[in-house]
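What follows is a pair of complexes built around chain A, which joins chain B in one and chain C in the other.
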Partner chain A sequence: MSKPSENKQGAVQTTGHAWDGDLQEYNNPLPRWWLWGFYATVVFAVVYWFLYPAWPIGGTFTKGFATVTYEVNGEERTTHWNTRALLMRDMQTSPAAVRQREFLEVIAEATYDDILRDPDKISFVRSYAHGVFGDFCATCHQAGGAGIIGLYPTLADDDWLWGGTVERIEESIREGRLGYMPPFRETFDAEQLRAVSAYVLDIAGYDGGDEDEIRRGEAIFNGTDGGCFQCHDTGGTGRISQGAPNLTNNIWQIVDVAGAASYEARLALVQSVVRNGVQREMPAFGERLSPTEIKVLAAYVHQLGGGQ
Partner chain B sequence: MKHERVETNAGLLIILTLAVISVGGLVEIVPLFYINDTVEEVEGVRPYTPLEQRGRDIYVREGCYTCHSQMIRPFRDEMLRYGHYSLAAESQFDHPFQWGSKRTGPDLARVGGKYSNEWQVQHLIDPRSVVPESIMPGYPWLAENDLQYADIEARLRALRRVGVPYSLSEEEYQANVERFGEEVARWLDISRAEENLVAQARAGNYDGDPSRITEMDALVAYLQVLGTMVDFTQYDEGYFVEFR
Partner chain C sequence: MNDASEQYYQARIPIYPRSVRGRFRSLKWGILALAYGVYFALPWLRWNREYGPEQAVMFDIPGRRFYLFDLVVYPQDIFWLAGFLMIAAVLLFLVTGVAGRVFCGYFCFQTLWTDVYMFIERVIQGERPARMRLDKQPWGVSKVLKKGATHASWLLVAFATGLTFTLYWADAGELVVQFFTGEAPFPAYATTLFLTTTTYMMAGLAREQVCTYMCPYARFQAVMFDRDTLIVSYDERRGEGTTGRAKAGGGLRTREARQAAGAGDCIDCGYCVQVCPTGIDIRDGLQYQCIHCALCIDACDNIMDRMGWPRGLIRYTSERALEGGKTRYLKSKTLGYSAALLIMTGLLIWSIATQAPLDATVMQVRQPLHVQLSDGSIQNSYEIRVNNKTQRPVELKVALDGPPDMTLDLGRVERIRLQPEHGTTLLARVRYQVPAGQSGPFDLTFRIVPQDTDEIPTLEMPAHFYVP
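Presenting the complex of A and B:
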C-alpha cells in the first residue's frame, strides 16, 4: 500500500479532474521496459510488412520481399513467401521427408517378393504402414487387422474372401470390393432354410445335425434349388472371384457361429444369414492413396499373418 | 481535444470508441470481400445437393464442429494424414464455413469416401464398437429420426440470398447449366429440391434402411461428399501456390 505522504500531490501529474470533491487519479508514466517493448513491436510490424504478405490493396495485396524456392517437375520456381510454397519446399528438402521419399522410391521399384524378403524393406513397410494403416484401414479392420466378426473381416488369418496373394490384396485396396449375398427368405421355405443351414454347419465340421436333413441341404446347396455353389463353389470351399467365403474352415465372417453355445443356436445364426443376405462394401483407395502407399499397405497386410 | 471532454461526454465517448474499434475491422475484414485472386480457380466445386445440405444442417445442429475441424493446413504431417490441404475454393459455398480450430476429433475436410456408408452409420450410432479408443459420443437417434425436409425449399432460398447459386428462375438455371453442367444444375434447382432430396436418399440408401429417409441418410450423404469435389490430379503441384 502506498502512503499518501510519499506521493505528494503535484509531484506526479494527475488526469486533471476530481470526483466527490477530492478524489483524483494519478497519470503515472509507463514503465520504461514496457514502453521500449511497445516501440519494438511497432518496428517489428513495419519490418514484417516489407518481408511478408501484409496489406490488401484493391483486389490484391502486398506480397513482401521474402521468397521461397521450390521445385515443380524438376524446374525451380521462386515465389513470395507463403505457407503453400513452404510446404512444397518442406516436402522436397527436409531431411525426414527426403529419407522417407528415398525409401518409398525403393519400394516403388522393388517387386513384392523382394519387399517381403528384405528385412530393411519390410521394416520400413511396417513403420510406414503403422500410420497409413492406422488411419485408413484400422478404423474398420482394427489394429493389426484383427477385424470385427459380423462387420469387417480379419486380415491377420489365412482365410481370404477376395484372395490372399499380395496382388489380390493390392487390387482390393486400390479398387475396393462390393460383397453381396442375396437374401433367400423368398426362395426357401422354413424346411429348406433349415436343411441348407444344417448342411453348412456339417461342412464346417459341427456334429449334431440330422443326417437326412443334411443330405437334403446338400442337394439344395449344390443344385439349382439354392444355387449356393455358384458363389461358394461345390462343397462350399469358397470362390475369391465372388468374394464368397470358404464355409468349411469354421472361420466366420458375418455371425459368430464358433462362439455360439449350442447346435440349435448355431443353426439359428446360419439361418439368419441365409434368410437376410449380406451386403458389404470396402471403399476404393486408388484415388486417395498413391500407388506406392497402396503397395506398402498390400505388403503390410500380406505379412500380418496370412499372406499367400 | 481535451481528454476531459471525451471522458465526461458519454455520447462522444461512444462515437469515438466505435470509430477506433472499427478501424481494426475495416482493415482486417473488409479487404477479404474483395480479394478474389486468393480463391483458387478449380473445377468441380459445387453447392451441396438438398440432401447434403440437410445433412450439413444436422452436422451443425449436433455441434460436430465443436470437436471436428474442416480445414487441412499446409503442413507435411497434416498432408500425410488427411490429404491435400484445403482450398479457399472448397468452402466458397459454405454458410457458415466449418473450418474450426479445435480438434478433439480428427479433421473431416476430406473424410468423404474414406470409409464406407456402413462404417459411418455404425460409427455414428456407437463409435466405440469400431474405434475402441474413441471418446466421441454416440448419435443413435439420427438413425431413428425421420428427416424433416418439408422446408427444404425455404432453406435453399435462404442460402441463395447469401450468394449460393441455387436457382429460382429459368435464367438462373441456365447460368448454372453453363457453370456446373446440366446434371449439377438440376440438383441446384430450388423448385425440384424436395424431389431431388428424396431421389438421392433413395438411390444412395446411405443408412442401410431403404424403407425410410432418416437424418442418418442426410448426414452420411454430407460426410461422404466432404473434400471430394476437386480432382487434384488435374493440377500440378505448383498451381495452388500461385494463389497465395
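Presenting the complex of A and C:
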C-alpha cells in the first residue's frame, strides 16, 4: 500500500473515533464513480429479484414476474423465466429454427432421387443428419459411419449386409435388423472347419491355402454338408434378404482378417467365426424417429460413400 | 460517508466555452454538417441491386454479407478491414506528423458531438456569462426549464445517434417501424440504449475529460510530433514583447506605443482562454489537453482585426518556425509514411478490384479418413464448399487431377447451379486402386470449372489422398 495521502493541512483525515487512546482509523472515501456504480448494482439487483427467479424459500423459490411462452406438443405453455424455456422457445420460433423446419418440409415432400440430385438438398441433409446421426447412430456406427470391426458394420463403404439402395437403408433404420449366423461347432469336425475356412479365404482372394482342402471346403460350403450357400449364396456372394455378407471381397466385419499377419492367423480367425456363429441386432427406429428424420438419415447414410 | 471536505481526486472544473466566429469555426461547422449528413442519411440511401437489399450501405450479420454500394464484402474478405484500419492508422500518423492533431480537432466524433451539444446548450441557456449565472443561481422554474430542455435535447440527439447506428445493420425503414412497435430484435434495443447513454454521457457530461483522461491518443501524440509539426501556438515573442503582455489601456492602445514601452501584442483579453473547449490557456505553450481545434486562432484573429493589427498572434506554426527557422514539410518521415500509405492503398484497391467471383474450400472428411471398398480400392471423401460472389447464377463442374485411374464420384449430383450470392457444399468421393508397393498420401487437385463463361477463372484446390 502506498503512503496515506495527506490533505492540505498536512494531517490525514480520520473517522474521528479513537480507541486505546491513540488508535484511529483513516478515512479514505471511495471515488464517487465507484460509489455510484455500487448503488447502481444494488438497484439492478432489486429489479432483478422482481423479474427473475431469485430467492430460495424452503423447497421452492420466488419465480419473478418475467415469463416465457413456448409450445409443448402443440400446446402453449407459460412458465417463469428460465433459460431452458428460452431455449425451447428459440428452437421453435427463432428465424433459424423456422427456416430449418421449412427446409425439412421440403425434404419430407421430395423423393430420394430428388434429394440426392440436388446439391442444396443433400447438403442440408448432411448438416441436419450430423445431429440426428450423432444422437442415435454414431454411438454404435461411429462418426461418419466408420464402424468397428467385430461389433458394428461400416456404413461408409459399398459393402452392404442388407442392401445399399436408399429404400433398403430406410427399411433397415425403420424396422431394425437381426443378423444371425448359427454356430457350426457341433456340425463340423476340425478338418471340415479348416476346409470351409480355407475356401472362404480363397474366394476372398487370399493365396496360400492347400488346393485339396479348398476343394473340400467348396463342397461343404455349396453342398448340404455345410449349407452355407443357403444364406451366403453359391460361391459366397452374399444375400441381402438374409443379411448375409458377401465373402468374396476383402471387407471383414466380424474379425480383422485383412489385418492379420499370416495365412495361418487368417485361417484361425475365419474358423473362430464359423465355429461360434454371429448374432447381432440393430434396433428398430420406426417408433423413435419421425418419418422425416428417418428419410434424412437414409439419404445421409446413402451418400456416405457406397450407396447404390 | 464523511463530508466532501476531503478531496482525494480533483473534481472537474466546469468549463463554459464562449462561442466564436471565424475561418476555422466555419470550416468546423462545414465538416460537422458533412459528417452528420453522411452518418444520419446514409442508412436511408436506397440502392438498386439485382440481388440483396435495396440499401446502399448495410452490414448483414446473419447473412454474413456487407453491402457497400456496388461492393459486396464477404467474411472471407475480412483482411480488407484489417488493411483499411492499417491505412487509417498510417494516415493518422502522417497527418499528425505534418499538421498535429487534425483528427482530434476537426474529425473526431467526440469533438463533433460535443460541438453539437455545446451549440444546443448555447441556444437554450445563452452565452458563457448567462450559463455561468444560471449555474450559480438557485433552482427555480426558469432554471429547471432551461436545464431540462438542454438535457432533453441532448438525450434526443443521443437517441437519434444510437438508433441511426443500428440502421446500418438492417433495413432502415423496416427497423424503425419495428423499433417503435416493439418488434425489433433485442440487439437493436440494447445497442440503441447503450449508444444513447454513452453519447449523452460523453458529449454532454464528460466532454473534454474524454480527451484528457480516456483517450490514449493525447498521451502518445508527443511521439509523432517533431520540430516541423504544425501546432496551434501562441507567438510568445510577439505577444509578450520584452515586458510581457499588457491590457490595451492607458497609453498602450497603439502598436507603436506598446512597442516603445516593450509590451507585446497580447492585450490579455482572455478571449482565447474563454473559447477553449478543454479549458486551457494556449499561451502557456503546447499542452496535452489541446485538441488543436483552432478556435483560439479565430478568437485572437477577431481581436487583432479589431485592434487593426496583423493576424496570427495565435496561429498554426511549427516549433522550428517559432524559433525563426523555416518549417520543412518534405522530410524522410513524411515521405516514408506517404510511400507506405500509397502502397497500402494501392494494394487494397487492387485486392478489391480483383475480388474472386468464386471461392471454394476443400475439407477432407476425417471420420473415417479412408475406407476400403469391396473392389479393394480406397475411398477418401472431401467436403467442397463453393460460394458464388457474383450477381448472376453460375453453373459449375467439378473435375479431378490426380494419379491416373483415380476417380471422382459426386453421387447423383450432376448439375451444380449456384444462385447469385449463394453457396453450397458438395461431398466429393475419390476412389483409387492403390498400385502395389506404393504408399500415400497422394496429391490431387480439385478443379472447379465454371460453365458457359470465360470471365470466371477455374479454381484449383489441392488436397491429399490418404491410404491405410
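Following the convention adopted for this analysis, the second predicted complex is superposed on the first by the 214 of 308 C-alpha atoms of A that agree within 3 Å, B and C clash if a C-alpha of one lies under 4 Å from a C-alpha of the other, contacts with A are read in each partner's own complex, and residues count from 1 in each chain.
In this section, a residue touches a chain if its C-beta (ideal position, glycine included) is under 8 Å from a C-beta of that chain, and two chains touch if they have at least 3 such contacts.
Not measured: the values here are computed from a predicted model.
Enquirer: Looking at the overlay, does A:15 come into contact with chain B only (first), chain C only (second), both, or neither?
Expert: In the superposed model, A:15 contacts both chain B and chain C.
Enquirer: For A:215, select first, second, both or neither according to whether it touches chain B, chain C, the two together, or no partner.
Expert: neither
Enquirer: For A:94, is the partner it touches chain B (first), chain C (second), both, or none of the two (neither)?
Expert: first
Enquirer: For A:130, is the partner it touches chain B (first), chain C (second), both, or none of the two (neither)?
Expert: It touches nothing on chain B or chain C.
Enquirer: Once the shared chain is lined up, is A:122 touching chain B (first), chain C (second), both, or neither of them?
Expert: second
Enquirer: With the two structures laid over each other on chain A, which partner does A:185 touch: chain B (first), chain C (second), both, or neither?
Expert: Touch status of A:185: no partner.
Enquirer: Taking the contacts chain A makes with chain B in one complex and with chain C in the other, which residues are shared?
Expert: Chain A residues touching both partners: 15, 142.
Enquirer: Can you list the chain B residues touching chain A in their complex?
Expert: That would be residues 3-4, 7-8, 31-32, 34-37, 73-76, 79-81, 83, 85, 113-119, 122-123, 129-132, 233, 236-238, 240-242, 244 of chain B.
Enquirer: Okay, in this complex, where on chain A does chain C touch?
Expert: Its residues touching chain C are 5, 7, 13, 15, 27-29, 31, 35, 95, 113, 116-120, 122-123, 126-127, 142-146, 154, 156-159, 205, 246, 249-251, 258, 303-307.
Enquirer: Provide the residue numbers of chain A that touch chain B in the complex, in ascending order.
Expert: Touching chain B from chain A are residues 15-17, 53, 56, 58-61, 70, 72-73, 77, 79, 82-88, 90-91, 94, 97, 131, 135-136, 139-140, 142, 148, 151-152, 280-283, 287-288.
Enquirer: Can you list the chain C residues touching chain A in their complex?
Expert: Against chain A, chain C makes touches at 1-2, 4, 6, 8-9, 62, 365-368, 371-376, 379, 381, 411-416, 424-427, 429.
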